[in-house]
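Look at the two complexes coming up: chain A is in both, with chain B in one and chain C in the other.
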Partner chain A sequence: MKLSSMRPIALVLSRELVITALLLTGVSFVVFVILYFSPGDPFSVLLEGQMPTEEARAGVREAMGAAKAWYVQYLSWLVNMLQGNFGTSIRTGLPVAGELIRTGLSTLMLTIGSMLVTLMLAVPIALYSAVRGTNRVSWTLTMFAYVVSALPVFWLGYIVIYFFTHKLGLFPMAFGFSGVERGFGWLYFLLPVFVLGVGNGTISEVIRFLREEMSRVMAEDYIRTARAKGASVWKHSFKEGLLIPVTEIIASKIPFILGGAVIVEEVFSWPGMGRMALQAAKDRDFPVIMGIAILAAVFVRMGSLFQSVVYVMVNPRASKE
Partner chain B sequence: MKNAPLLKIEDLRTYFYSKSKQAFIRSVDGVSLEIARGETLGVVGESGSGKSITALSVMGLVGGGPGVISGKIGFKTEKTRKNLLQDLDDHVKLAWDNGKIMGVDKDVVGWEKNAGRVMSGVRGKEIAMIFQNPKASLNPFTTVGSQITEAIQLHTDIKDPLQARERAIHWLSRVKIDTPRLRIDNYPYGLSGGMCQRAMIAMALACEPSLLIADEPTTGLDATIQSKITDLLAELKSELGVTTMLISHDISVISRLSDSVAVMYGGTVVEYGPARDILASTLESKHPYTSALLESIPTERHIKAKEHLRAIEGDVLDTVNIPAGCRFYARCNRVTDTIREKCERHEPDLREISPGHRARCWLYFD
Partner chain C sequence: MKNYTQISGEIGDLSGLPFWKKADAVDIAYVSYGLLIVTLVVVSYILGAFNLLPRDPQDIDLELMMAPPGTVGHLLGTDYMGRDMLSRLIVGIQAYFLPGFLAIAIALTFGTVLGVLAGYRGGRFETAITYFTNLVDSFPRLVLILLVIAAFKPDIYYIMIVVGLTNVPVVASLIKGKIQFLKQKNFIEADMALGLPTRTIILKHILWHNCRSLLIIQATLGMGEAILMETSLSYLGFGVQEPTPSWGNMVQVGANYFMQGKFWPSTAPALAILFTILGFHLLGDGLNNILEGKRNR
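Showing the complex of A and B:
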């Protein structure tokens, strides 16, 4: 790629990064304030099994630095975070940053994998019905996708486990990275990735969006020109009809998939941030919740960053603006 | 018309089905035309007369159903000779009633596959097409140059990208784009409408097709650019002798470039013959629609006398409900009492009224 075409991409990247920084600060502030003023005491987990006296509670709070005013706590958290220190989990005492990397990576794999499953199902159906219009085959496929989209992910998860693991004994219920080390670990990923990809409720929407975009592009004058000169219609419609819509879908569906990931991780005991978030919410483990909120926001922003970069790379006009 | 015809359209019918009206739109309803090698045929008529659909039918680019339903399109060069609508009858069943087609049963998917086979090696290579609205007709996501080199690599012996690029530059300068070496790397949005049309022409001619179909090539451009594009087409015609089917509602463009002219109305050809006969301002033996069309063009006389232009009364024929008699009857200002009944009841056929000059009007025969 030529240097001249790298400049607009760099421009977009820097703009997106500034937006991301502002957004993350905003997210952390809002989440912190909500947590601070919500009822419940995060430190009761440390005194579990005891009949804590008021003095004991106060002592713990003092020791954890929680006696200060809320804004002092927030600012010190922010300063530490900027240095890569997300604090330590109240429950486990482990540094949050390390936990975030471990669970974040595994959720990222789940998210990307299920996104691929969704697209692998949706793209062919969308393209087929864009080209052929409504006929018996496209109608059946679309209806099937609507039904599948309506299946709740927890239900689908348990059905899949029951069928494949208990009935067929195919995929053992030992998920996680230990399987990877044994060489054929990718097999263990298949079930949760499939369940989240099918059951995140977005397939029908993805199909409809991609079909509409492709049909619109197919009716463009320049596609008629491509036909008239005997060139491949797919080659000419690919960028506007498929690439741009697919990146848009990826960017806009990440929040939904993350939401679905919480349930899938719980059902499949997948060691991801969704499960960690659930546990942290139960414990009121503030540092962990803050860290997860930040990481989830980072994921969402990564999607939109990806979309902007692809758009600028593909669309010559956008790069001039 | 000395040369053997390169393209011979016989009784072409292209219909569309309107769901809301529960009836066929008879866009092209029995059109027969010929284009001799080296000749430019001008097809003129109002919007909705079926000119563009005729051209798209030749290219096999009609979208929507049922599309082309009957006819023959003979295409004959030194190398190839084929019917572009080969095996159409195998894919279409027509139900006739009272000389009108009332039902069409077409295997659209099968036909499109068949047409794809027949048309591969013809589209872009033997027959090239340029369109109105040149800016939208070029792919906005790639450079003009890559779109031209793509055509060259697809249809000529030049496969090497650098050679193809040189060839594209050659054609860009041929269509009078200045600094073609710079322009070749431009995206369409960086070029004006006129430049885009020049690039389209370069792309069409770069594969040296036997036939060029120009569908309203000047429509949607500024008036000055229109005349420049017309100049360019005239120059290319005299230099290269490309056989051209020129479609336009602009009679000045048609008269500038055409050797013969077909006037279309309501999906049929109403007058067909040498350009000088049809466009001459004096000749009386003309179809009433053609004379009305010619009278609606502003001339020097109109402008000097500050006269009002004569518009054609009434609306374009509704091709859903085609009347039984002459299609132009409702708007015709030359019906006489002797022929009135025939005009109303029976559609005239296209008959020769002088050598090589045919018209579809009861005025000239009985």
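Showing the complex of A and C:
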């Protein structure tokens, strides 16, 4: 790529990075505020059994850096986090950062895979109804998308597990990665990806958005011109009609898919950060869930960063806005 | 990003005819189904609240475990302890109905206030609201709820406060867009020229006459959202606990028997969730198409 074409991208990237930094600070502050106002800090949960007197507990708290003014606490927490120190899990005593990287990666795989599944379903349906208009087929497909969007994803998970383990007998009954080595292990990996991709509840919205954008572009003058001179309509409409809408909707649906991942990971015993968040919420394991909330926000912001880069690559003028 | 739920057109476009005559048959079907579901939910809620049930939902009958639907005395069969499924489904509505209203009230109230500030005043308010929207959008909702659960307690009302607050930006941006659109219209200018107090312009001429349907639609979609969250969380083991029924924990308990081929105990509540959420979605979208004149043809 020429240097001149890189400039708008760099411009937008730097602007978006500033926004991202601001937003992540906001996110960390929200997390901090929630925990600050929570009744009974994690220390009391932990210490009540171990330390009989109030003084002994206060001493431990002091030692762990908890007895300062709120802004000192917040800033020291933030600085620690920037250095990659997310604290240690109250339950396991392990550093949170390492666990986060491990589970975060596996959730990222699940999330990206499911987004692809969603798109593989949504894009053809959207294109079909945008090009052909409303007819019986597109109406049926739209209805199907509505029903799928309302489907409780946990139940869909059970159906799929039952079908593959009992009807097809592909997997051992014991779930988890122990059975992965046998023959169809890769398929076991695909099941949660498929379930989350279908059942994350956004599919009808994705279809509607893509269809509306595509129909809008198809009505533009330049498409009519392309059609009139016999040029490829697809080639002319692809960027504005499909590429930009797809990145836009994906970036805005990442939070929903990550939320759905919590449930799907629980159903399939997927060792990701959703299950970790669930366990942490049950144990009131604050450091873990704080780290997860922030990492999730990082994922969401990365999606939106990606979206703006694609947008500027297609339309370099946008960097001047 | 662009707001893809932005409203275009206005109610006045319906030139003379009452809106139900102008409406698309598909939208009428959506809304009718939605209204049917809403009626069923409301009636069931009232029945449950006054304990007017076909059976006692806690009544254990070990002779009749996991009976199929259509069994004499149990229209929708029984669960793993022989408890009447229909009664438990009806009582399960208690778990989300009132909490759902709390979420809706929070989203609509704060969303309207912020939207009016951003749309009518603009400037700094608009920047602040854009930031707030992006901030809320940066959290996966379920993760935020788990955080609140860990920090406070797994109380459904706390959960619904979070659901409501995370819906505030959507309502705010819709109201903002609507007001920015209305401000170009002559009648607002006329109001100002007549010297009407700002309060009257905003409350009566903008909100009541022009944003009413938008708020109803958002309330409908918000209820769907609240049901989804409540059932997901009670499935995960937060919120309503056994033996009190909620659709989520019914699916979860029933799922233990799923691998034995006993589908019904978890499928019945799952279908209840499916049909209800579908109803609220279709009602919201159908109303949106009819009242806000939004259907691209």
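Assume the second predicted complex is superposed on the first by the 269 of 321 C-alpha atoms of A that agree within 3 Å, B and C clash if a C-alpha of one lies under 4 Å from a C-alpha of the other, contacts with A are read in each partner's own complex, and residues count from 1 in each chain.
Throughout what follows, a contact is a pair of C-beta atoms (placed from the backbone, for glycine too) under 8 Å apart; a residue touches a chain by one contact, two chains touch by 3 or more.
Quick caveat: nothing in here was measured; it's all calculated off a predicted structure.
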{"item": "First (chain B), second (chain C), both or neither touched by A:317", "value": "first"}
{"item": "Which of chain B and chain C A:92 touches, first, second, both or neither", "value": "neither"}
{"item": "Partner touching more residues of chain A, whether chain B or chain C", "value": "C"}
{"item": "Touching partner for A:239 - first (chain B), second (chain C), both, neither", "value": "first"}
{"item": "First (chain B), second (chain C), both or neither touched by A:73", "value": "neither"}
{"item": "Touching partner for A:204 - first (chain B), second (chain C), both, neither", "value": "second"}
{"item": "In the complex with chain A, residue positions of chain B that touch it", "value": "59, 61, 63, 109, 119-125, 128-129, 131, 133, 136-141, 150-151, 154-155, 187, 189, 200, 203-204, 207"}
{"item": "Chain A - residues contacting chain B, complex", "value": "132, 219-222, 224-231, 236, 239-240, 314-317"}
{"item": "Chain A contact footprint on chain C (complex, rising order)", "value": "1-2, 4, 26, 131, 134-135, 137-144, 146-152, 154, 224, 228, 231-232, 235-238, 251-252, 255, 258-259, 261, 266-267, 270, 273-275, 277-278, 281-282, 296-297"}
{"item": "List of chain A residues in touch with chain C within their complex", "value": "19, 22-24, 26-27, 30-31, 34-35, 37-39, 133-134, 139, 146-147, 149-155, 158, 161-162, 165-166, 173, 201, 204, 208-209, 211-213, 215-216, 248-249, 251-252, 254-256, 258-260, 262-263, 266, 274, 277-278, 280-286, 289-290, 292-293, 296-297, 300-301, 304, 307"}
